[in-house]
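In the two assemblies presented below, subunit A is common to both, partnered first by subunit B and then by subunit C.
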Partner chain A sequence: MTAAPQITNKVHTGSKRPRPPRGRPKLRTSYAQDMALLNTPAKRWSTLLLVVIGFCAPLLFTDDLLQVLTLGLFAAIGAIGLNLVSGYAGQVSLGHAFFMGLGAYTAAVLGGDSEGRLVGFGLPIYIWLPAAGLVAAAAGLLIGPLAVRLRGLYLAIVTLGVVFLGLHLFREANHLTGGPGVGRRAPDLEIFGINFSASGGIPGLDWTRDQQLLVVAIVFLIIFGVAARNIARSGVGRAFSSIRDRDVAAAVIGVDLTGHKVLAFGLSSFYAGAGGALYYTVVRIIEPTGFDLLLSVQFLAMVLIGGVATISGAIMGAIFITALGRIAIEIAHVVPFVSTSVAGGGLLNIFQLEGILYGLLIIGFLIAEPRGLYGIWIRIRNYWKGWPFSY
Partner chain B sequence: MTTFAQAVLSGTAQGAIYALLALGFVIIYKATHVISFAQPALMVIGGLFSYHFSAVMGWPFWPSLFVAILLGAGLGMLIERLALRQMVGKSVFTMAVITIGVDVVLRVLANRYIGADSRVMRYPGGGERYEFLGLAISHRQLTILAVTLITVVSLALFFRYAKAGLAMRATALSQETALAQGVRVGAIFALAWAIAGGLAAIAGTFIATGSGGSEQDTWIIALKALPAIIIGGLDSLQGAVIGGLAVGIVEQLTAVYQSTYLPFLGTNFSLVAPYALMLVVLLIRPYGLFGTREVERV
Partner chain C sequence: MSTNPVCEVTDVQLSFGEVKALNGVSFSIQGAELFAVIGPNGAGKTSIFNVLSGVYRPQQGSVTFGGESILGGRPHRIAKRGMARTFQNIELFENLTVVDNLMMGRHHHLNYHWWEAIYWWGRARSSELANRRRVEEIIDFLEIEGYRDQPVGMLPYGIQKRIELGRALAMEPKLLLLDEPVAGMNAEETEDMARFILDIRSELKIPMILVEHDMGLVMDLADRVMAMDFGTPLVTGAPEEVQSNPDVIRAYLGPMSEAAAAAVADGAPEEAP
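Up next, the complex of A and B:
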């Protein structure tokens, strides 16, 4: 804590934090107000509304939509992690899939049961979730020093190599991972004695698995999201940004490059590990070959399409990219030349359409709106802020 | 000893393909400072062009290859013009990710053509093999080595003596100075992508004539050129060739010896050995064996 808030406390006696004067909600009287998480009334109300809608969603949507949304929210945890290292700290990482895989398998080994040759310890979530993050973070700390020596695209290629080495590892360690083509079951999400992974797990409510998991997803995303926002607006986050913008200049003003690059990789991998562990509790089966380059590219797409160096952007991007498969199906219903069967017929099937959409969205956003979905939101907001004027 | 020499020889033939791909990466990098992740798609599609002309339309092998090179070059120029030209001056990371997007789109289209089975291209030399000092080399491997040698030598001559080659070297040195001297830098970007597309088409064609043919997963082969260029250094042409050959030889040697001497690394470790080699080289030399060290100014 700095001394600044205490000084202002003396001026505004009676309240712990200085508040803007009555009737002038946008007037700042202290630095802390400007840096607050929700620094305008509109943000406070819209966040509250979003959270309320989120918790009501299980009653509003059908199960298949809820599952897509849940997957999107858990993927958002991983996307926030990638945004910390690539968006805030500017260290391009194509290795995110490897860290997610590490987290998912750590969770499965610690939280799952041993069946046949598979190793499992059957520990509760209080152990397997932090462990999933920590094991991935440890691997991230090992990659971190490479980031200190390498720059830009060299680092991107090395992290790409890490994905291939990781895939090999996951394939070979088949008493831990189940082996390619088979995989193993993810652990159940059981918190406070309530099994959210089984339908009707919450006593008194006759909810399905998908309804329950969505509630858990929202809670976890809020925890991880708020933590990441706090990292981003603290000194560490500002050091990350300075390294991204000009690392030599950052070093000159006293930012510890080595420490912060390694820390960025560690934090990002922690998010990836925890996100991966949670994501696969919804997917249920963890298959080793799933952690390939494509998964890394998907997460990169989430960050780029959502908005580089924004937490809300990463969440929007993650939900959007996760829903892309579903969107492709919806398009197939409308457009005649897209077939819904894998066998072919029509010009494209839905998976091919999904792939093409990925690629085109990445290209289109980078060329037309580099700030991503977040940028589109900013444009809409500014339009209404200045309405009826255009400035 | 014969086993060792045989592994090196087979590795060199495979490495020649990587060297062609690596040259494409390096030429694009030198001209535009972008690593093109679209190379895998260009390779697969180049191979499919050859396949289509020879297997479906019944052309002989060499004309198919020639037309595929031209089409591959055209495709490379098209990508540069449509997706990258307007991004000149933006961060290299943004441009690299755009090429990932291009790669994803093109590969979906290529895989749609390939379908479920592999597309094996008939090679005119058949399975003929030659014995030489106890070493066996197939007609196809000899052709790959010869074609790579001719390509590399003609590229070297082009860069040294041709006017366009000189312009490319000038652009690689400094884009603004080259522009001031009357070099059309935009045309150089297009030329670099065209050369890379053509090289990828040659590599793709020879991979399609291999035992596996062109499959849904063939594109992963092109990524092995990435360790090659990293080992050689991103901006070094001879580094790309040496790196490519090194990757091929290391891959082959690992395939032969690893199961006996390092069995704990697991089966098929040879497929990822290039990446392990890359990590080791980078820990010792962060800019590769022949790359130039970046000078940083604030």
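Up next, the complex of A and C:
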């Protein structure tokens, strides 16, 4: 057994990055290695594998499955946002649907075309996507100060009020939203002159719309996900968690409670706005009554089922919840008393089944695995790490 | 003694409705001394800490820290000026790891903005690394290397107390407030903690205010002691002086006979084995 090399005192900041010694990949020789985003070989390889599979997915799956996955990935951006404010900073927000709607409509107004009485500016994505985030963030910054005074259930109820206010706003602003039952078209996803929303948009590849959108979704999710992870591991993320765990101690240690709560709402709403704008480019039609309490609850379910205060958990939860409708259909094919049509016979239809699954999953996870899908993953990982021993 | 006190509290009055929590409390901390505050439950010891760290706002009196008034300042601003504190009931961030808890202590030493955290490279990364090094020095000082990556909620009580001390030390404070650092600890853990407190005084030269019920510890460690009862300071002085003061004995043991008090004052100040 060789002596373990000393931890170097030198702070590595330059271009020369320290590497673990050959043959001992888990030995840390600098704090930079320990603090790295992917600090073990297993994490690096599995992430690489996931990304490769992701980019190959358009060739592997059918279009309807790809669409579910794409919606899940865009919803994940919103779920990450909710996890920042509710999971990390511990401020329960039921207003997420409002911020998503705000982002979606900002995108539609700025990026869409004017048709009839609808206002549209036809601007490119470089403007409508950041604007969707910023407008939602601005609304979040207005809601944020409420969290300074209110906490827990009271804050939840105030943010619930925001959803209803938003619904009313979206319904009434006809020339912007198209009005209830009609809605308006979401802008096309056109980046660098390539229109991903139209089939065959990528020159040289004869891909369908769904294949193309999935690739865009992966790229956006990586950008938003890495940014969120960086926030979470920085002083800002730690301050969020400290406010969640012990707010008095956090203040006494030097955390500005007001500033950080407002920042959490702002960041979360930015993610919601951008996520909402992107999500509806897949859905195509933005209907104002869709941004109701149910949508907020769905996002809370994504965070709870995926894993509170984890970025990967939020992504897993978002994909899972988005796929729930599809899962219900698959169950209906197997189980005889579930019908696939609303009118048809049978004991249940798929929409009722989906609702029941929701409830059962939330209750089940809260009782059995409060850490969510992420917790299940940690258990599996620890089992294999410790194998053949139990721990 | 130096002419500039680190911290000076003058005639502080704090009341909650009709209840006088603090009534005319005055003291000053000079140099790197260890100042202890003792008194029965409800005497107002923790209230003093809450006034100092800005959690409570007294109705009257003045509090200066480093020559400037901190009265009415918000807790995080006072913390930034160099006031660190531990709590009677552990107030650690239980879902964060030991390293992250100590990094929280260095919160106001981080010199990057939140938007720099988003892309990480540059100032955010170098600042995190530099502060991580300081945190590791504290981990080394408190001998908690083995617990580094564990969430603090899972750790034993004595270790948690030590980490809380570490979090306060990570702030590089100019004044350290210790609220019952050995409460609920066994003899060995108490001894460890006493050694750390002595090390802080001799090596780091940080002035400390200590609230503690373990009289053996207080009398051994403190340079000066202030005894309180019902929000009113009874006596301030050297440990032996306070120990033999009849008012202090009365506060602790109730309205006992003067004779018994005198007996204690004359006779064996040594506590029973």
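Everything below uses one rule, namely that the second predicted complex is superposed on the first by the 375 of 391 C-alpha atoms of A that agree within 3 Å, B and C clash if a C-alpha of one lies under 4 Å from a C-alpha of the other, contacts with A are read in each partner's own complex, and residues count from 1 in each chain.
In this text, a residue touches a chain if its C-beta (ideal position, glycine included) is under 8 Å from a C-beta of that chain, and two chains touch if they have at least 3 such contacts.
Note that the coordinates shown come from a computational prediction; the quantities given were computed from them, not determined experimentally.
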Partner chain in contact with A:V92 - subunit B first, subunit C second, else both or neither: first
Touching partner for A:L348 - first (subunit B), second (subunit C), both, neither: first
Which superposed partner A:V297 touches (first subunit B, second subunit C, both, neither): first
Which of subunit B and subunit C A:A137 touches, first, second, both or neither: neither
Partner chain in contact with A:V248 - subunit B first, subunit C second, else both or neither: both
Contacts of A:L263 with subunit B and subunit C, given as first, second, both or neither: second
Which of subunit B and subunit C A:L84 touches, first, second, both or neither: neither
Touched partner set for A:M100, first subunit B, second subunit C, both or neither: neither
Contacts of A:E172 with subunit B and subunit C, given as first, second, both or neither: first
On subunit A, the residue positions that both subunit B and subunit C contact, one per complex: 246, 248-249, 252
Contact set on subunit A toward subunit B in their complex: 92, 146, 149-154, 156-158, 160-162, 164-165, 167-168, 171-172, 246, 248-249, 252, 293, 297, 300, 304, 344, 348, 352, 355-356, 358-363, 366-367, 370
In the complex with subunit A, residue positions of subunit B that touch it: 35, 83, 86-87, 90, 92-94, 96-98, 100-109, 111-112, 115, 223, 226-227, 229-230, 234, 265-269, 271-272, 275-276, 278-279, 282-283, 286-287, 294, 296-298
Complex contact set, residues of subunit C against subunit A: 53-55, 74-76, 79-80, 84-85, 87, 91-96, 100, 103-105, 107-108, 110, 112, 114, 117-120, 124-126, 128-130, 132-133, 136, 167, 171
Touching residues on subunit A, where the partner in the complex is subunit C: 7, 9, 11-13, 31-32, 35, 227, 230-231, 234-239, 241-242, 244-246, 248-257, 263, 309
